[in-house]
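Dropping the structure in here first, questions after.
Chains: A, B, C, D, E, F, G, H, I and J, in written order; residue numbering restarts at 1 for each.
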Amino acid sequence: MPDTSLLECFDNANPQRDYLIEHVADEFTSVCPKTGHPDFGTVTLRYVPDQLCVELKSLKLYYQSFRNEGIFYEAVTNAIADDLASAMKPRWMVIETNWKGRGGIRSRIRVEVGDVPDWL
Amino acid sequence: MPDTSLLECFDNANPQRDYLIEHVADEFTSVCPKTGHPDFGTVTLRYVPDQLCVELKSLKLYYQSFRNEGIFYEAVTNAIADDLASAMKPRWMVIETNWKGRGGIRSRIRVEVGDVPDWL
Amino acid sequence: MPDTSLLECFDNANPQRDYLIEHVADEFTSVCPKTGHPDFGTVTLRYVPDQLCVELKSLKLYYQSFRNEGIFYEAVTNAIADDLASAMKPRWMVIETNWKGRGGIRSRIRVEVGDVPDWL
Amino acid sequence: MPDTSLLECFDNANPQRDYLIEHVADEFTSVCPKTGHPDFGTVTLRYVPDQLCVELKSLKLYYQSFRNEGIFYEAVTNAIADDLASAMKPRWMVIETNWKGRGGIRSRIRVEVGDVPDWL
Amino acid sequence: MPDTSLLECFDNANPQRDYLIEHVADEFTSVCPKTGHPDFGTVTLRYVPDQLCVELKSLKLYYQSFRNEGIFYEAVTNAIADDLASAMKPRWMVIETNWKGRGGIRSRIRVEVGDVPDWL
Amino acid sequence: MPDTSLLECFDNANPQRDYLIEHVADEFTSVCPKTGHPDFGTVTLRYVPDQLCVELKSLKLYYQSFRNEGIFYEAVTNAIADDLASAMKPRWMVIETNWKGRGGIRSRIRVEVGDVPDWL
Amino acid sequence: MPDTSLLECFDNANPQRDYLIEHVADEFTSVCPKTGHPDFGTVTLRYVPDQLCVELKSLKLYYQSFRNEGIFYEAVTNAIADDLASAMKPRWMVIETNWKGRGGIRSRIRVEVGDVPDWL
Amino acid sequence: MPDTSLLECFDNANPQRDYLIEHVADEFTSVCPKTGHPDFGTVTLRYVPDQLCVELKSLKLYYQSFRNEGIFYEAVTNAIADDLASAMKPRWMVIETNWKGRGGIRSRIRVEVGDVPDWL
Amino acid sequence: MPDTSLLECFDNANPQRDYLIEHVADEFTSVCPKTGHPDFGTVTLRYVPDQLCVELKSLKLYYQSFRNEGIFYEAVTNAIADDLASAMKPRWMVIETNWKGRGGIRSRIRVEVGDVPDWL
Amino acid sequence: MPDTSLLECFDNANPQRDYLIEHVADEFTSVCPKTGHPDFGTVTLRYVPDQLCVELKSLKLYYQSFRNEGIFYEAVTNAIADDLASAMKPRWMVIETNWKGRGGIRSRIRVEVGDVPDWL
């Protein structure tokens, strides 16, 4: 089951400055709750940190905890956005998932948290 | 014949939030009403859901119902936009069709419904 | 000689809505009036129709009528823009030509007619 | 139903010479007999003509006659190979089909008729 | 656990002819027995059938049965080759696995069963 | 009309050595004798010279002389092969034409003259 | 030495209209004044003409006049911008140079002259 | 250890004009302070110079001084931004680092210094 | 210094069968002994195991031990080939290195050990 | 003028072994003796060394000595092959030049010296 306790943060060493961090995970997999077949996708996290940054290995383990979870595309994306927003309280954040085709249809879901900084 | 009764929706679990959903169908085909030859294209649906989201398999079946329909590029695109707007009542929606070349000319039609959200 | 009488239009079935139509012709050829050598390029037409849309096969024949015409890049592009604007009276239109290299230089010409719609 | 009577041939004007002809059709579609869902693929014909060549437009119409036929990948490929071998009696021929993914698996079938010429 | 009972075969309708069948599965995943981290790869099956062909959906389910199996790259590839050779007894067969990078190193394993046909 | 008198040759300065020359012309156009529509393609000449090499600008002018000629794919390719073989008497030569799609089908024709050298 | 006298202009036939002209020269070379080694790059000219357009062959010869000139990236780009602005007096213009890597570093310089038109 | 004394600047010869300079270094490497394994990435510097420009070879040597430094992605990027801002005092500057995947996750960090010019 | 003691092997579980293993390391770096500048490249190991296979993590550490070694392209490639042949005694092996450009020249070195198997 | 005295060789440290060395120079330029316009191309050297290897920087300087030489494609390629064969006396060698398009035609010349080794 998705396990938010896996997420670890470290102090942002440059909080005086707005800057952008992006982590693209190409090897995300969960399970379709309807068919039981595995889904495969890419999860992109893009954010402007406030006081905390997410630690990269803990992010990988958190993503791996979805491996055998039955969950829809829209729900995965909103869940990751909520969990990371709670853990890091970023100034701004986007989660975007891109899913391999099912029945000839490829999907993308994009959730944004906070106001886009002026400079982006 | 295009059959809107095939479209099924499910409740948007996150209506408190504006977010983006995109489905790209690479295997769309209909028939040119003038020449009787098949047309092949890609249909992209991009929307911000309000209370309803379109179910993915029902979307595929709805697209397949155009298979032997004689219909022009412009008409296909406007028809899909109208049908999906009726079914989901999204906050914002785009339908874009991209057609393989005919006589050395490739075509693209783009219909937008509703106001673009500020954050896009 | 370029022959505007080849252009045929049909009624826009959705004039109540601003939407975008694009036709990309990869196989345009004319002749350089200075050297007599053939020029090869791509012509992109992108427009928001008002009451009329250009018929695709007539567009192809109109483009083919430039085949043995001696005419410069800039002149071709402005001529096509003027001819199509006269024929269709679109709400907005762009003609862009992209030419294969001559002497190691590739060229692109872009003519716009009408005001860009807010939503583009 | 696949209709071999659509295939027309014309006389090979250069039978004194072994040479290669290839036609790649990107817009092939048939129907899966098991699920009823459409299949999409590319059909490549590569051959050394003897006395006859297949006429290109008749080949297109013959391929289109599979549009609503329920037939497996392997059967399509063997059927096209048999039909074209009967119609043209080529010195050598290959039919290769490449199918878009189903359930995350892409397929390719390749049938060869006659001996590969030494010079290939 | 990898489950060969999932594999189903159907009769080859064209045993009089040597021909090639290829299935490329882009969404294979298993688990590294050493680190417990998931591995992701592509499995390519290429074969000349004798009396039997593997059914495509059963192949997908068989591949999915490796999802939570701890097994090395070399062992996966040899196991799939052995299982499919037992099930289909093909005239010739290749299994090739291509794995995403670990620590900056991408791997590929290729196992061949039977003699390459002269015509390949 | 195709005009072989345009072809000019110069002496091969290194006849003591078998070596390879290739010229790829991306901007070939002729006319379909059946429909009157223009055809567009690439012509590749690859050869081992004997005493003569074809001069590059004369080759371009010769290719341009097909511009308004009504001629089939197979005929163009055999004609160019015969004309260049007469003009240069090469030790070995290939002419390959690659044509843009017509009705969703792309074509390629390949004519070879002389024996392939051992070292190729 | 760079030679601005090579630049020739012709009258803009459509001064009543703001439109865009772009010429991309892939084969620019000059010499590094520090090391004496050749530099290779691409020069892109993009402008909205006023009364004059630069003639394409004269532009090529002007670029070639830098061939044996020892000059830094920044200086080349500013010099070309100044020379072309003097010669054509365009409503708006950009010169962008893209240089192949030196010591593992690729460079790009972009100089803009005049105000960007509203419609770009 | 990162060594800012390696950075050398030269006078901007065109301070009267706002223009853009970009240097992309594909061969950056440092060491992960946690695992001791090397990290590999690309560093992009993009800036509008004021009175000074950074000399290209000195920039390369400065980047090389990170080779055996144990330092996190975020820290590298902020450090380079601070060092170059001190050395050149540019009107505007961006440092962006793109890192090869670790554990299936690729990262990008982007730090901006100064206000974006209106014309960018 | 390159350290062969880092290389660890494990028993080949399928010695009864000739099969192929390939590991591609994209992040190799060493130092040019002449200029002191770092070199960057890709190292491909391709082999048919006999009784032993090289363990993947030990291979990574062995490659990392070249990081600060001053050594030419040709020497690196031959050294790796000798070290791995000693450690694994494979039936057949290739080491190929591909190096990023220096002064506009990209290099590749390929060393083969043992006889190519008939089936490759 | 092409200057073979620039070529320097060093002793092959592994003459007991046949192995392959390749150097690809993307930035070759010479001058067309007929038109006076510059030619741009890539020169690939691929060889099996005997007692000597060509030193990389000397190869670059030798190539640069063609910069202002008026010389045809065929002559450049044969000249480089002769010069390098004299300097290194390799067991086997190929020189291949690939030239950017002139008048829409791209060219490639390939000269081979010595017998291809069995293992290639």
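As a convention for this text, a residue touches a chain if its C-beta (ideal position, glycine included) is under 8 Å from a C-beta of that chain, and two chains touch if they have at least 3 such contacts.
Bear in mind that the values here come from a model prediction, so they are computed numbers and not experimental data.
**Student:** Have a look at G-I versus A-B and report the one with more C-beta pairs in contact.
**Tutor:** A-B
**Student:** If I compare contact pairs by residue number, which of A-E, B-C or B-F overlaps with D-F on over half of them?
**Tutor:** B-C
**Student:** Using Cα averages as centroids, what's the distance between subunit D and subunit J in whole Å?
**Tutor:** 44
**Student:** Cα centroid separation between subunit F and subunit J, in whole Å?
**Tutor:** That gives a centre separation of 27 Å.
**Student:** With chain centres defined as C-alpha means, what is the inter-centre distance between subunit H and subunit I in Å?
**Tutor:** Averaging C-alpha atoms per chain gives centres 32 Å apart.
**Student:** Return the residues of subunit H touching two or more other chains; collapse runs of consecutive numbers into ranges.
**Tutor:** Within subunit H, the residues that touch at least two other chains are 26-27, 37, 40, 100-101, 103-104.
**Student:** Where on subunit F does subunit J make contact in their complex?
**Tutor:** Result: residues 12-14, 17-27, 53, 56-57, 59-60, 119 of subunit F touch subunit J.
**Student:** Which residues of subunit A touch subunit D in their complex?
**Tutor:** 37, 40, 100-101, 103-104
**Student:** Which of the residues in subunit C come into contact with subunit F in the complex?
**Tutor:** 26-27, 29, 37-38, 40, 64, 67-68, 100
**Student:** Quick one: which bits of subunit J touch subunit F in the complex? Just the residue numbers, please.
**Tutor:** Those in contact with subunit F are residues 74-75, 77-78, 101-112, 116.
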